[in-house]
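We call the chains A, B, C, D, E and F, going by the order they appear; numbering starts again at 1 in every chain.
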């Protein structure tokens, strides 16, 4: 079982969500984050002072899947994210999961994930 | 006519003036509240600058287009010259028993910007700032006052006996028609209508919306009360009662229908409902009696809810319900005068409604068309998705707050 | 009596009317600000619909119950018939030197909804919407006007010399008693009182709270100033001074006590404090002199803080401090008339306070009891935890904002 | 002089009074909106308590210092005794044709707190609460009224023909000078100026800021309109027109310059711009004609933007632009009287401006110095970083909301 | 050492918190998240349009523990979460931690966790 | 490759950010969190009732790095965080990453991280 952590652009979330569901990945967790990356920082102006914001708004996706689903997940995300060419599309990190528990049923392991 | 009465009347008119002024804050708050956080700065910017533009253009030419004295083209168009020209006795009852020249100007000037503000709501979250400002300028400087002159300026509709007490048609209708055109030519916001049908794009701040609505209601007492053009106790108090009861009726009407339809009590609908009632009574606040005014309000409430749903079914995206509130209820209110007041004829009212419809549709289409050619009307997709605050203003409305910009 | 004076008086009364109207926005903002984000839509909905209900029921029967002219049962109950009946000369000084019939009605109508709004705050975050609306309707349509008729309608307490200038008892007391009953019968919000004692449930928006308080204060100038029932320069200016100084005193009083007790300067307490001062002076704004009014305010400020703490110790959960502000300071204000004004007797004031207490407690208990049997009063636990916005309205007040609903 | 005219005048003055009152909400909202969420409670607390302190101290001594009748020291200082002393006929035209004694007091009292509120904005987010409250008390109780007596109290500058209609210098200048001193002695907020130059510290709530600005504008009609000291139709309507057009000019002026400089339309700048126009016209609202008033506004708008940028370049940290709006435009407005009104001399205006500058700088430096020795002026670094809401008040303004306190 | 990531219902947080403390787990980190799962989506109505929200508000718990405490942690959470029977109770994921550092003291490993 | 999860005090973020950049760690993700720890809880007062808040505002840093950069990252954080002596400075957890993908380029592994 793997935990896929993906940092994506906020505006891509709706599409990526659809892709994931298409690829039979029905469960994931989303949260807000700020990201520092190679990406060209955006400038903001406030009361006449321009300044660069390098910590940009990102969305953080967590998807726990059984090993055979890892590629599905990755592909769904890449498919959408690769659309645009500019820097700062984001990253995917894959971590090992040792155990997974469905609280409702107390199921463990591979059954519990989906 | 005692100068004392003159002083009272004038004082009341000036108080009405600032009540109308406050409506601009009402509009800004309402519109910002019913749209997304990422477009808030843009909306506040539009609504603030419109006020300035409206006031200055009205001083420059609007006032003398709307109240030309003598008409040039038939009774369709007149112009009393640029700038403000208080004549002799501008500050005496001999100018008018109800107000001085400057009071006259400033009261009318506060109305002017309203027409543009109404449009602002319907095109929110996707219109280009510069294009919108240009549109407002032209619409407020030229279209609004000419349209106004037909009735309030003593033009042809006035002579035919068309009646519009405080502007269901002259203000709300004129703004509403342009709102309709604007929403139509711009098209819906990205994501509003999907294959699965209309997808709600939620307003981000309900308390702000409520503040806006209550301030509008508050200001309406100046809008309608001041339109008596004097402090006449009987007239002003009657207007206060009809205005109030119609607003209340609008709340009840919209509450019943929306609760019935979605079987949930819908806040944004009853807030629109109160405004619907206010717009509805505006044309006849002085000639419709209190009991009937409740009815006018109830019907306005039913109309606004139906209209919001209908427009969505036609894929016309009006984020704040401006068309439903100002145009639909404006039309209804103008008609209601014919129905509930014996002194006015339904047919003339209809004639007026149609004439204004034709004129406003034509002129707003023309202006939008020209601006589209010149500057383009809509921000590009990426800018709309990121939000106008960042893309047009490079700033945020709620710095530091954690907000999900997309679902 | 010159018609000119009549016009001024009437104009001032109408301005006061809309100032009182604005208080409804004040209440909505204050109440929303001092409760949790998850119940905001519900609160705004309640407060908006109450206004409509209050105005319409007052037109239907409230006004003629409160000002019946002749009484039917002793001097306890009268009824002038349904709807509005302006007689001959309704718009002349011969109706009243201070206002026309319609002005009279609309000014009083704006007061009516206030009583219900006060209750709204005390039962917030847990009361069922439908049950609350039903309660308000009955309370505003029947209880409030009957109670009012005893004094302002010229009933038995009036004849005994009971004095309540602008409604410390007739409005704030009447609302406050029902607030007490409501908070009591509903019981505290989940999590408010733990074994470890009272656990604060924090208001979610302090700027909104401050907006509410300042608008209430602003509106109070119409509430008290209009209660002069004319524009008499001496009387109105005196009322303005006493009202202002008492509000200021309330702030200082509550600041001192709360700072002393929790050794932190507590914003929500001084905001309540200003309202406390306003409620406190309302009964005697015209008969208490400015110096004394500061004292009345200071004491109101001390009272409101103590009362908030006391109620928490008794596990009576009043999210916005409505009971402390309106009931406790309403009682104090009514008593203060007896203390600081030589023309009025403490004993009669006490008699009035008690009579209203008994009547309001009884009637609100009865109504709550019946509604409880009929519909139930409180939302179920899960709905309360999720928040009324989602469970009752299926919408959010701050779409997109990241908010922790639970600590 | 008919008592009827007296009644109208007095009524208008009282209405102006409460319009000015509402400006305090405007200041609170504006200031809170332009600062960070973590200092909001503190700002609301300051602005609420200042109102109370200002009103009470003005009743205690301010009023009789400002309008002493006879002067003691030359025409520089007078004192009519503690407390309020309405004499005989306080409520008749023989006191004043425009208002009663109490109206006089309450109208002036509402102005008083303004001076301190202006300072509040400039020292926001880092000043110690207790020290600020102490400063305000002394400044409002002593400095402001003495300064005022020189002109409005009939003192030496009045006799020299210095003109300041509604307070560009007497109110905004007096507050602005102290704001400058305060911002200077406190030093900038942590992180405002880095090696890389000025680093923006963003305001957290733009709708709140807009609400504040519009309410200030609304209240200004009482501030300037009431300063006519009667309801004279010609005078009041002229003031309304000049005030309005100057505000509009301020928006346009600031929009043009800020848009040009940062090539982005900057909301916070045009909001400041409207206030700049209002401050600018305040000294001459009755003597500058409408056309010129637009110019006065435009220039104010240019000045406020330049000044904000200049102060940042000098590392004087004014979170809300109080110095630029109130001091700079106050000076400009005072000068403008000399320029645009033929009846007044530039040199005398300059003399007045300088005299007030010297007096206010000296006295505010002295007070700040003493308080610094006594209590210290600034919270410690850790408290500032955590935010004053938690460190000074132990509460949050937006409980539950997820907010990034630091970038 | 393990990192326990639990996705729970927001309203369960206070109780779960108490349970954890009871079970001698004194340290954890909480954040906001939106969750997509099998759970029945809630409907919202806005201006007459009803629509389903499938991304529901959740709370995300991170608990780093030494291996012997893993069961304590899991049990505390399950105890509370299993109360209700409906879908969407949430999940627990357990990941390996290779190193843990207490910033204050620079302690490392097992000592640093608690 | 490792995922470094650091829980820090919000006010330390700007400094830590600078330190990281100095140490050639150019990419990381930041999010908001509430933390329960040994830290002295702060008291808040609301309407006269004082109460202790034990869930305190924290900032959560995620830094994915190649093994040789782990120490750089840790040091940058510790350097800043150890300044203050009081409890509640926070923690660092280090987890293994099995795979990393740069969405833009579809690069994998060590190249993708930076």
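Here is the rule we use: a residue touches a chain if its C-beta (ideal position, glycine included) is under 8 Å from a C-beta of that chain, and two chains touch if they have at least 3 such contacts.
Quick caveat: nothing in here was measured; it's all calculated off a predicted structure.
> On the document's contact criterion, could you list the chains that touch chain A and likewise touch chain D?
Of all the chains present, those in contact with both chain A and chain D are B, F.
> When the contacting C-beta pairs are counted for C-D and for A-B, which pair yields the higher total?
Looking at C-D and A-B side by side, C-D shows more C-beta contacts.
> Do chain E and chain F, two copies of one chain sequence, contact each other through the same residue numbers, with over half in common, or through different ones?
Looking at both copies, the contact residues mostly diverge.
> Need the CA-centroid distance for the pair chain B / chain C, whole Å please.
A distance of 33 Å separates the two centres.
> Return the distance between the CA-based centres of chain A and chain E, expressed in whole Å.
About 19 Å separates the centre of chain A from that of chain E.
> If you average the CA atoms of chain C and of chain E, how many Å lie between those two points?
The computed centroid separation for chain C versus chain E comes out at 45 Å.
> If you look at chain C, which of its residues touch at least two other chains?
Residue numbers touching two or more other chains: 4, 8, 11, 15, 202-203, 205, 211, 264, 266, 268, 393-396, 401-405, 407.
> Where in chain A do residues touch at least two different other chains?
31-32, 34, 44-46, 50, 55, 95-96
> Quick one: which chain pairs are touching?
A-B, A-D, A-E, A-F, B-C, B-D, B-E, C-D, C-E, C-F, D-F, E-F
> Residues of chain E touching chain B in their complex?
Counting only chain E, the residues touching chain B are 32, 34, 44-51, 53, 55.
> In their complex, what parts of chain E are in touch with chain A?
2, 5-8, 31-38, 55, 58, 60, 74, 77-78, 81-82, 85, 87-96
> Please give the residue numbers of chain D that touch chain A in the complex, ascending.
Per the touch definition, chain D meets chain A at residues 198-200, 202-203, 258, 261-262, 264, 266, 268-269, 305, 308-309, 312, 321, 402, 404, 407.
> Give every residue of chain C touching chain D within the complex, in rising order.
2, 4-5, 8, 11-12, 15, 19, 36-37, 202-207, 210-211, 213-215, 217-218, 221, 225, 231-234, 236-238, 240-241, 244-245, 247-249, 251-252, 255, 264-268, 270-271, 274, 290-291, 294, 401-405
> Which bits of chain F are touching chain D when the two form their complex?
Chain F reaches chain D through residues 10-11, 13-14, 32, 42-46, 50, 57.
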